[in-house]
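Before any comments, here is the structure.
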Amino acid sequence: MAGNTFGQAFTVTTFGESHGLAMGAVVDGCPPNLELSEADLMEDLERRRPGRTAYTTQRQESDQVRILSGVFEGKTTGTPIGLVIENTDQRSRDYDATKNVYRPAHADFTYDKKYGIRDYRGGGRASARETTMRVAAGAIAKKYLSSEFGTRIQGYLAQIGHIVLNDKSLENVRHSAFFSPDSTRESAVAEFIDELREEGDSIGAKVGILASNVPIGLGEPVFAKLDAELASALMGINAVKAVALGEGFDVVAKRGSEHRDEISSDGFLSNRAGGTLGGISSGQDIRVSIALKPTSSIAKPGKSIDRESREVEVSTSGRHDPCVGIRAVPIAEAMVALVLMDHVMRDRGQTGSSAQRAS
Amino acid sequence: MAGNTFGQAFTVTTFGESHGLAMGAVVDGCPPNLELSEADLMEDLERRRPGRTAYTTQRQESDQVRILSGVFEGKTTGTPIGLVIENTDQRSRDYDATKNVYRPAHADFTYDKKYGIRDYRGGGRASARETTMRVAAGAIAKKYLSSEFGTRIQGYLAQIGHIVLNDKSLENVRHSAFFSPDSTRESAVAEFIDELREEGDSIGAKVGILASNVPIGLGEPVFAKLDAELASALMGINAVKAVALGEGFDVVAKRGSEHRDEISSDGFLSNRAGGTLGGISSGQDIRVSIALKPTSSIAKPGKSIDRESREVEVSTSGRHDPCVGIRAVPIAEAMVALVLMDHVMRDRGQTGSSAQRAS
Amino acid sequence: MAGNTFGQAFTVTTFGESHGLAMGAVVDGCPPNLELSEADLMEDLERRRPGRTAYTTQRQESDQVRILSGVFEGKTTGTPIGLVIENTDQRSRDYDATKNVYRPAHADFTYDKKYGIRDYRGGGRASARETTMRVAAGAIAKKYLSSEFGTRIQGYLAQIGHIVLNDKSLENVRHSAFFSPDSTRESAVAEFIDELREEGDSIGAKVGILASNVPIGLGEPVFAKLDAELASALMGINAVKAVALGEGFDVVAKRGSEHRDEISSDGFLSNRAGGTLGGISSGQDIRVSIALKPTSSIAKPGKSIDRESREVEVSTSGRHDPCVGIRAVPIAEAMVALVLMDHVMRDRGQTGSSAQRAS
Amino acid sequence: MAGNTFGQAFTVTTFGESHGLAMGAVVDGCPPNLELSEADLMEDLERRRPGRTAYTTQRQESDQVRILSGVFEGKTTGTPIGLVIENTDQRSRDYDATKNVYRPAHADFTYDKKYGIRDYRGGGRASARETTMRVAAGAIAKKYLSSEFGTRIQGYLAQIGHIVLNDKSLENVRHSAFFSPDSTRESAVAEFIDELREEGDSIGAKVGILASNVPIGLGEPVFAKLDAELASALMGINAVKAVALGEGFDVVAKRGSEHRDEISSDGFLSNRAGGTLGGISSGQDIRVSIALKPTSSIAKPGKSIDRESREVEVSTSGRHDPCVGIRAVPIAEAMVALVLMDHVMRDRGQTGSSAQRAS
């Protein structure tokens, strides 16, 4: 009911504001006897961390996560895993300029209207910093899925502004400053971002996520279909405005005879569906893509109002990513991992057998 | 956990297979003292009904819904509303040809793998007939939202194949056989569908949904944001492959200074976001669009396998819509209504005040 | 949130008022491939049915349940099971005498205050007739538990008024008109009930439930412990005012050295705990008991008020059990079965192994 | 599904083991604009704290709670409230004697069987230390209920061993070292506890909880009735073996004409029901009582087995309460507060009006 818990069998409950004391999470329902340490979580947290490269925000966050419970002698015990990251970058600041102002395209307006009160330091609860906990929890899910089924979840930048990146092979992603699969466009992207920084503007992006070795049979019709759950998980990431599975919006102009994936005795002959049929995983790769809006915090001034409805001009200075889409890559991976993990457990509860059906 | 319940405060639990005895639903949590009769549900059921026009399937379903409980002397009592539609069109048929075959792009394969058993009469639980109950339940939500806040939810066909429909005004929708807002293309669409029928093929579609007079403050960050819930609700409709809010995938190539909706003392100056900020409704119109894949049941033969993995050719005869997207219009409206209704109640539970904030 | 769904993995959602058109339920999450027919449900429905013996209400309900979905060719398919019982005993009646009156110890007062409206025909939703659906759904759970683990759930009348029944052996229960384990007191109970009928009064009862062959490891600390879930399930039955596990209130005067169940290499040396430790099933028999208040509908006049707060005298004529506790026996069994079933699936989802730990 | 979240609208998710790094909780769904500080939580935490008096365990826990999020400038913001208490009393200890042993009446056996792994330091997750977080979260609920409705929740020791305490007036409770309402028995209780300590034994207790000024209309039939939710909340407290509402087990021997609470135009003429009718609060005082088993950790040796099923003798030395029932008083109050709070919000979501019905 309250909105800060994700999942039903493998649940993640998060808390924390960007400029509060700490970010935290409780991961409940984790299978016991999974080897787990803080290092397992740090790898993805490091990939998400601002200041990692010259092309994302230069704000330095020290995202050192602590496991407070649920792990004993290096293994999960089946009890809830408490996670916390202290917010060290909490300089006392002057918020007078912004505390009563609704920044355009930000959540300031809606939080204030909904709750009648708003933590105006940074984005408060609406800050992208909230996603640290999704990434940390997702790393636990990834580890279980990988060890149990060999599942691999790989996100990548598919497009930034008008620059479409070649995603034939995802080998380059881990070497790229932008999670780009296309090494031939690395400098083009870098130049584009520099240009945006100088202009005080920002840009949207498209991110793809591919999950392979996904067990067959995940997804609970008719309201918790796997694609519906992925859509919710991904649309709920800050700045995401669209989610597509397989061919996505391209199906609008496709005929049935073109779109359908035929099947031979060796398996599916194509993967236009994106890995689900009837909302249940088919064993094919899950292929999802999302659109992220351009960063709302930009230097270019924009019109808005304050709490008393007086018109103001707003310009955001500071260390912000010109493209939030880049750092969204590990966040999107984490959300896909959380969905798959939750559904492995839900399916196993009912049918007792998801492991055996792994493709 | 089990997947056949939608919502948390206003919940809808459905059951029924396409060729079973009946479709049914339990709507729980409905506010008391709402005037309600079967006629209120029939209007949208009629809009969804196959055989309504020459351009959807000619199968005749008599979707007469009965309210079995929860309404007394013409008003809801706050107790669960039981709904049932008997399946009258259950001719005894010969399913031998299809019972062991996995039709391409259908859920036959995944249901069989997941459950180890499958109701092979029609689509079973995966049939679009399941959506009758979504439409019936959605009509209850629509009625409450309309009477309480003046909320209006209007779906329409935005594109079919390559035919893009002008959606400047939605006045024409109710007069159109295709829920099309564009009267100038009515015959073009009709001809296209006739053509597809002759070819034994089908086509995808894009459907738009616009909700106006939506209370400000709906949506529960960070995992039950309004956009995330809409994404789940809509992606979970049969055949949907993508969901977009506001500018959707177009944001990928947009700059921050272009995309953001500026605000004046008279309100927002544009609506590119599609009605939410930070996952909370802003009081602007909610604008969503979805992509639906072409109907999978087509006459053109396709390759597939049977339960023993032997290769077969599959061709579906019978009375099927060449474009499932058309009849999806009232279904999508219903899902949007269910999401808004659930969130009105969730918000009111916590803040006690959603009514007052109605825009 | 809304209150008419029980369970999380194996869920039961019910609807229906005593004098409405029908009672119904949706059982969701049932494991597939369980052999199931209406006859499986009728056995317990018959045990619960009014008019079964001379000592319960003489009202004749024909509780013929229909399975509307979720079962195909005699087996569950994993999709939701729709159940319905038509209310045939709906004679048109004159409710004028009672429609505005709050019968003492009934839910009339609270339903009216909560919802501002009340179905005044019989008990409406608060009627014990609602429990038919619990019994039907419980029968499905019983069948699965029995076939998978050999679990057996046996309820019995432990006390009625001051008559304490010897429960050393439960063999007699199925032969008794009162679910009594004590054949030596059969006529004493019969006489007592006749006496109450003549007086126009009613009496409380204590019911015991014993579940054997329960898998070890059921129950989810710390808020869904098995004992907590049993307490909720049983306290939620109409008229129940207390729930006890094992020694129950007797532990108040016990020392630690007396109460604790010691363990030998052959197993536990006693069962004072009642089958759980730390809220998790230990493999010992689950022993629960409940107290049921005397029937509220009695002929003896009592003071009350009407909707306008005017004082009135209320006397209930009609065919009512002098002891609702008797017919509660199969209902209590059903609720215990639903709890165990739900927890088998929840445990299996997380640990993957409850079957193997069956004691 | 996973068991560490309580409630649906006002949710509490807890984590932490007795000898781990910290105990923590996330309180989600709290209404915004409630004044809240750590001092508000410390009052009840202090009442629960071991070492508070000579008659509970002499272990010193410094239960200093920190609010990590969700409160801004002294008020709740509607976002999740993160709470943490560091475990300072974590001396490095020698657990070799107990790590493989199942202490009788403890959860050691069942945790090991369920999860295949167990945190053997203290009680791990099964320790009563887990309840600190219930008390902290309950204090938030109490504050809201008190300020909004004037609701007051008062627990007390009703019986310890054979010593029954007079509970006519609850004035004495806050002055008593044992939460006893009966000042005439204060020294008798003290002597009894000293005696038990010397014997190395422990004793059970009965605790009563009275909630007054409870809004009418709380509780969601038919599976989330207020009494059912209270039963679950209270039975889930460590060591609780029975829960009773109003007359509880005494109803077994009562006639309908004796038990029912008659109503006059001035209100109810008695309160034998304990504050609910049909599972919905009636506006009368909620009266609940619970039975707590004697402390399982006692010096008197008992028979048990180790992980390899070898027979052992177990004797627990250390600083343990001879009667866990005493410190359960503020815990039980907290659980009652959490239930009421959750149901205020659930009721308000559906009916929009619980405040107005406050008695």
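Letters are used for the chains, namely A, B, C and D, taken in the order the chains are written, and counting of residues starts over at 1 for each.
Note that contacts are C-beta pairs under 8 Å (C-beta built on N, C-alpha and C of every residue); 3 or more make two chains touch, one makes a residue touch a chain.
Everything numeric in this text was worked out from a predicted model, so none of it was measured.
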| query | Farthest from chain A in C-alpha centre terms, which chain would that be? | reply | C
| query | Looking at A-D and B-D, which pair shares more C-beta contacts? | reply | A-D
| remark: Whole-angstrom distance, CA centroid of chain B to CA centroid of chain D, is 45
| note | Rounded to the nearest Å, the gap separating the Cα centres of chain A and chain B is 26
| Inter-chain centre distance, chain A versus chain D - centres from mean C-alpha coordinates, in Å | 38
| query | Going by the touch rule set out above, which residues of chain D reach two or more other chains? | reply | 1-5, 8-9, 14, 29, 32, 78-79, 114-116, 125, 221, 345-346, 349-351
| Contact residues on chain A for chain B in the complex? | 1-6, 8-9, 14, 102, 104-107, 109-111, 113-116, 125-126, 130, 159-162, 196, 201-206, 216-217, 219-225, 227-236, 238, 240-265, 269, 273-274, 276-283, 291-296, 298, 300, 302-305, 309-311, 346-347, 349-351, 357
| Mind pulling up the chain C residues that touch chain B in the complex? | 1-5, 8-11, 13-17, 20-24, 26, 28-29, 32-33, 66, 68-70, 72, 75-82, 84, 114-119, 124-125, 345-346
| What does chain D use to touch chain B in their complex? | 1, 8-9, 29-32, 78-79, 221, 345-346, 348-352, 355
